[in-house]
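Could you have a look at this structure, given as structure tokens, before my questions?
By written order: A, B, C, D, E, F, G, H, I and J. Residues from 1 in each chain.
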Amino acid sequence: MSDNIYQNLEQLGGATVLPDDPKTAILESVQNPQADVDYVVRFTAPEFTSLCPMTAQPDFAHLVIDYIPDQLLVESKSLKLFLGAFRNHGAFHEDCTVSIARRLIDEINPKWLRIGGYWYPRGGIPIDVFYAFGEVPKGVWLPEQGVAGYRGRG
Amino acid sequence: MSDNIYQNLEQLGGATVLPDDPKTAILESVQNPQADVDYVVRFTAPEFTSLCPMTAQPDFAHLVIDYIPDQLLVESKSLKLFLGAFRNHGAFHEDCTVSIARRLIDEINPKWLRIGGYWYPRGGIPIDVFYAFGEVPKGVWLPEQGVAGYRGRG
Amino acid sequence: MSDNIYQNLEQLGGATVLPDDPKTAILESVQNPQADVDYVVRFTAPEFTSLCPMTAQPDFAHLVIDYIPDQLLVESKSLKLFLGAFRNHGAFHEDCTVSIARRLIDEINPKWLRIGGYWYPRGGIPIDVFYAFGEVPKGVWLPEQGVAGYRGRG
Amino acid sequence: MSDNIYQNLEQLGGATVLPDDPKTAILESVQNPQADVDYVVRFTAPEFTSLCPMTAQPDFAHLVIDYIPDQLLVESKSLKLFLGAFRNHGAFHEDCTVSIARRLIDEINPKWLRIGGYWYPRGGIPIDVFYAFGEVPKGVWLPEQGVAGYRGRG
Amino acid sequence: MSDNIYQNLEQLGGATVLPDDPKTAILESVQNPQADVDYVVRFTAPEFTSLCPMTAQPDFAHLVIDYIPDQLLVESKSLKLFLGAFRNHGAFHEDCTVSIARRLIDEINPKWLRIGGYWYPRGGIPIDVFYAFGEVPKGVWLPEQGVAGYRGRG
Amino acid sequence: MSDNIYQNLEQLGGATVLPDDPKTAILESVQNPQADVDYVVRFTAPEFTSLCPMTAQPDFAHLVIDYIPDQLLVESKSLKLFLGAFRNHGAFHEDCTVSIARRLIDEINPKWLRIGGYWYPRGGIPIDVFYAFGEVPKGVWLPEQGVAGYRGRG
Amino acid sequence: MSDNIYQNLEQLGGATVLPDDPKTAILESVQNPQADVDYVVRFTAPEFTSLCPMTAQPDFAHLVIDYIPDQLLVESKSLKLFLGAFRNHGAFHEDCTVSIARRLIDEINPKWLRIGGYWYPRGGIPIDVFYAFGEVPKGVWLPEQGVAGYRGRG
Amino acid sequence: MSDNIYQNLEQLGGATVLPDDPKTAILESVQNPQADVDYVVRFTAPEFTSLCPMTAQPDFAHLVIDYIPDQLLVESKSLKLFLGAFRNHGAFHEDCTVSIARRLIDEINPKWLRIGGYWYPRGGIPIDVFYAFGEVPKGVWLPEQGVAGYRGRG
Amino acid sequence: MSDNIYQNLEQLGGATVLPDDPKTAILESVQNPQADVDYVVRFTAPEFTSLCPMTAQPDFAHLVIDYIPDQLLVESKSLKLFLGAFRNHGAFHEDCTVSIARRLIDEINPKWLRIGGYWYPRGGIPIDVFYAFGEVPKGVWLPEQGVAGYRGRG
Amino acid sequence: MSDNIYQNLEQLGGATVLPDDPKTAILESVQNPQADVDYVVRFTAPEFTSLCPMTAQPDFAHLVIDYIPDQLLVESKSLKLFLGAFRNHGAFHEDCTVSIARRLIDEINPKWLRIGGYWYPRGGIPIDVFYAFGEVPKGVWLPEQGVAGYRGRG
């Protein structure tokens, strides 16, 4: 297998502070150790939270991010800190979900990436947002995210 | 088996109009055809809706009612109309759930009765209300209602 | 183990005709091969159907019957024919469910018996009926029936 | 991220009254903050209710709406009020479901839109309605709605 | 929305008798109120029952019917009566399932139709039958029926 | 039913700010409108978040609170704000869960109260905390919380 | 519907003995009563068992067989006896699963057939085998088998 | 922890042959390594099969056995061989299930033991058998077996 | 709330090495911050693995530990290391499960403790072990562990 | 069926030792007994464990491997030993998952192969890895792996 691709990271292992703004959060990347083949990486983040820009009340979402790396992988601890940086910042559901994807695309330049944002209901009607970027290379296997729909009660 | 216990009912079979107030809705009853033994009857009403008395916005609930009849059974069509009468009336969750039970108790004088009100979330934190009246006679079998808890998303 | 307790049965193995009335259906029994201990037998009948005595339209139910035998076991093929005899006969939900139990009690005189009748919805509000007869002997193990509640859609 | 796209809305935040007719209900829209990419927005409305035009009895449905915005997003509070306006109006299942979609298409002119209407059973046989409008742009990711089928009891 | 498409029906609302033969059962239709677009209608009938032509014992099935209407919709009460007409008639599983579809095709001439017949097990190995007629028009959305496979016990 | 028990509340309806400390958050109460009977109220809060006091990283929990009111009910919007006040404060799992219960007990003096804290895993081994206060009055019905255990993957 | 296609069968109805070798088991067929259309028949056999050829210990599998008949249908009782003939014979998982399909193909010459063999774990790592023969005719509807993956414990 | 309690076993590790009669199958036991405390051991055997004594057709069951050991534990490989010995022997459901328990009681003399036999359906109505022996010592924890009920199709 | 009860720990936060023997692994404890009330703490460890002492092959289990603390809480990171110390050591299922409980009892002297060990199958018949120590104080709330039974395939 | 394809294996049946390095573990193969047709073999390994190369702490994964054999099948016991060889070796999630697939491809030269690695969460955000090699031949049936997504708690 490959060399230690994590040796130059700044945030992994050391003490870390939750960044207070997504824009200033550092998304680190590592060399793709299997860059000669196409494969999919899925991150599931059931703990996403931001604030409603209209009311400053907390919003919550279950996020699932899939991507096909080119030369770089997302370093998962920095991803966690980046997502945590939304904790005290305002964000609309549609805009926020798509923006997270675009920031990741900027940082790691993947062959393909998608995000599913499954937001907790406010007012009885939850919003889900599904965004995909790029083209899936031929032969790549891409399972459904399979997150259950909202069903109210009963 | 028993004679036709439904022969004197007014609402069953004929044309019916949804009553516009729970207080004036008629809850009909029929003779318990097996009144010499104790058993439990469960009604499941996944379609309950009322209005919030503060905002006049619709509220929804999944209701489950269990009772042990004495001399009378609830006639199910009149129960449906009674529950339908909440459609355009204001009702707080705790108060509404317990009140439905008390009205039924008044009408059919059961040995025991309980109601579970599983309300759809407003503001992220749903309320469930559980009320029981009377004492379960010895030897009666009473299964759990088993309605799933609220789980948000993911 | 025990001798062949089924050797005197009339309906098992031969050609059978669905009886056209529950009252005339023959419920056969066999000697309890383990009569010196207490245990529970459960029959699950997801295919019960009768007619509504008011409208002659079909009704359906999922039935679960538990009992603790004394000297006799219910022979399962005759039970199937007995339940099948309701196919073209009228029966109210509460009355029908309890009556099935009482007929079984008459035939096999069990130490204890219960029935759960889980009726398909008519008009949006299904009825479940739970009836138990007798006293559970000390030390007997009696699992819940665990039939899922009705949940509408979604 | 984008500017506050919600600043000109009339219904958001202020006091609102449930409109008494879907035709007069106001469906508001906001500028799509990510209009340079294609993505899917899903609304799940498990609390839809209307009246049967033949009998005036309540009907219930679980609705799921998916769309790919062009220049406009549906404002979710006005969607909630629009759906709430069916509360006391008559609507047939097939017609009602497709009509909701067409009204939305008129208002926001999406690239693509679909609706799934999962109606609660009346008479034992529920109706589901599935309608899609437009063509899904290449590369868009569109998960299944995944609403469970109706299963009766047991 | 559309005019009352149900005004000329014979069976809806009046007293009805379960027909005693599928061949003589009347399948009524109504004008498609949204005939200028393509959409799918799904009926779920978890209560189908017929008799085995070899043994005259009851058979049961969970049926799901999907179709894309052209000029006509199936009227749901007449569908219920048509399916109920199998109650005391013999039918083999494969033949019966396909025949129901063909009768519907004859009556309403849909653009496309399919049926899934999920039969209860006899002898430990249940049979499912899947039949589709016609071609799905481009752009129509057609969800899976998603009925769970048979799993025996445990 | 009862008078409007919510008329003197300060936070309901008006603009609210998330309090920045649980200690200073105001938990409002309302008169129990059904104080002459015993019943259970359940709040389900799937969106609880606090910070780890050792690392300042976010923690998450699914909380379920059950209580039997005496003279007072918890006002649900103030409960939401109280729980939201943990958003940027440090709290250990066992301590935090029990403390929330004790604060509620102080404020509304219930006949009985319990809390289930189902914490998201950190390091592979999640912690659940279950605390109950007081004695359940005779005859009260108290369903299980029924939150699924953690199961890892697969 | 069609004539009785089962009239010439040898094993149906009479006394049958479990054959002691799959090779000598008789797989009977009947005329396809709907041979002018294409449809799928699914058999689910959750009770398959054979012996390990290396150790003679029992193996178990859940089998699902789908096929599109041409002129012949598999007679289901003979299928059951054929599968039962593996009870005391050795068979490797991959080989056995594919062989069952090939025997069926030989006997009924279907337009298309597939088998899913879901074997119980031995040594912690279960094997599933998926084999399909032929080409699915245009327009045929073929649902997924949807058998749950193995998940160990927890 | 304890010494190797398995060192004197005959069947563990060596070549084994499936015994051809439950009566002659050897049930081995080992010393209880924690005999100074009370605890429960559960075996789950989803692969039980026997023959019907009337028809010689295969029967299948999912068995769950719980016991509280006294001085001896059941050795699990010999249990597997004992259960496998029913493979070609006739056994009625009620009798067979209770007999397995009694044989185990004879061999290891437990403080308490129970068996749940969940039989696959024959004729549409499956039988479950629940038998318990002895008295559960005070303070022992005994979870439900939680095997799902039979639900037919849909 | 309480002071930082974790300030004297040795393993939390610093670099840690998986201990190579359960006997030498250090189980740390912290002062119970709510020692004046009774409550339950549940640890769920779905990642337990040890070696079979007979064959040196890996075994796996899903463990759930519940306890009612007296003066001490288990520190969760040291619990993780203690459980990890079984990774390369031999342990029989019954013995291992009970031993883990007894070690915990020795270290923190709880009012009550129980462990459920849900072992992955070897040879088709998994073993579960349930052990409880002590007496549950009056009024404590103790939910079921609710781990699903093993079900084989299908 | 085919001859005994396992007769030349070294590890099957004899005593085996867990190899201490994946690189030196021997992956054995057997002749494909059905090499003239295309089919899929699925291995499900819910018990995979390795060490984190950064911290030496244990990692866990649920692995599912699908392949279409050409001339060779993977021998399942050697696969188990190969996967077990990761037990005390360091491996990053993305790299490890893809490497396992590549080693298998090297050994058996399949027509097509894929692996799904479903890793247990560390830090709240689990990683899944999906890799496929080769081209699926026309007409091959390839079911989804269907492993549930991670959902946190509640």
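Basically, a residue touches a chain if its C-beta (ideal position, glycine included) is under 8 Å from a C-beta of that chain, and two chains touch if they have at least 3 such contacts.
Listed by chain with UniProt protein names: A, B, C, D, E, F, G, H, I, J = NADPH-dependent 7-cyano-7-deazaguanine reductase.
Bear in mind that the values here come from a model prediction, so they are computed numbers and not experimental data.
Participant: Quick check on the contact network: minimum steps from chain D to chain G?
Facilitator: 2
Participant: Which chain is most remote from chain C in terms of Cα centres?
Facilitator: A
Participant: Compare the CA centroid of chain E with every other chain's and tell me the farthest one.
Facilitator: I
Participant: CA centre of chain C versus CA centre of chain E: separation in Å?
Facilitator: 30
Participant: Which whole number of Å gives the spacing of the CA centres of chain E and chain J?
Facilitator: Chain centroid spacing, chain E to chain J, equals 44 Å.
Participant: By the touch rule stated above, which residues of chain C touch at least two different other chains?
Facilitator: Each of 46-47, 60, 62, 120-121, 123-124, 126, 144-152, 154 in chain C touches at least two other chains.
Participant: State the interface residues of chain E toward chain I in the complex, per the touch definition above.
Facilitator: Touch list, chain E to chain I: 149, 151-152, 154.
Participant: Can you tell me which positions in chain C touch chain E when the two form their complex?
Facilitator: Residue list for chain C touching chain E: 16-18, 46-47, 49, 56-58, 60, 84, 87-88, 120.
Participant: Quick check: in the complex, which residue numbers of chain E touch chain D?
Facilitator: 1-2, 4-6, 12-13, 32-34, 37, 39-47, 62, 64, 69, 73, 76-77, 79-80, 83, 139-147
Participant: Flag every residue of chain A that touches chain B in the complex, lowest number first.
Facilitator: 46, 60-62, 118-124, 126, 147-148, 150, 152-154
Participant: State the interface residues of chain B toward chain F in the complex, per the touch definition above.
Facilitator: Of all residues in chain B, those touching chain F are 53-54, 91-92, 94-99, 102, 114, 116, 121, 123-135, 144-152.
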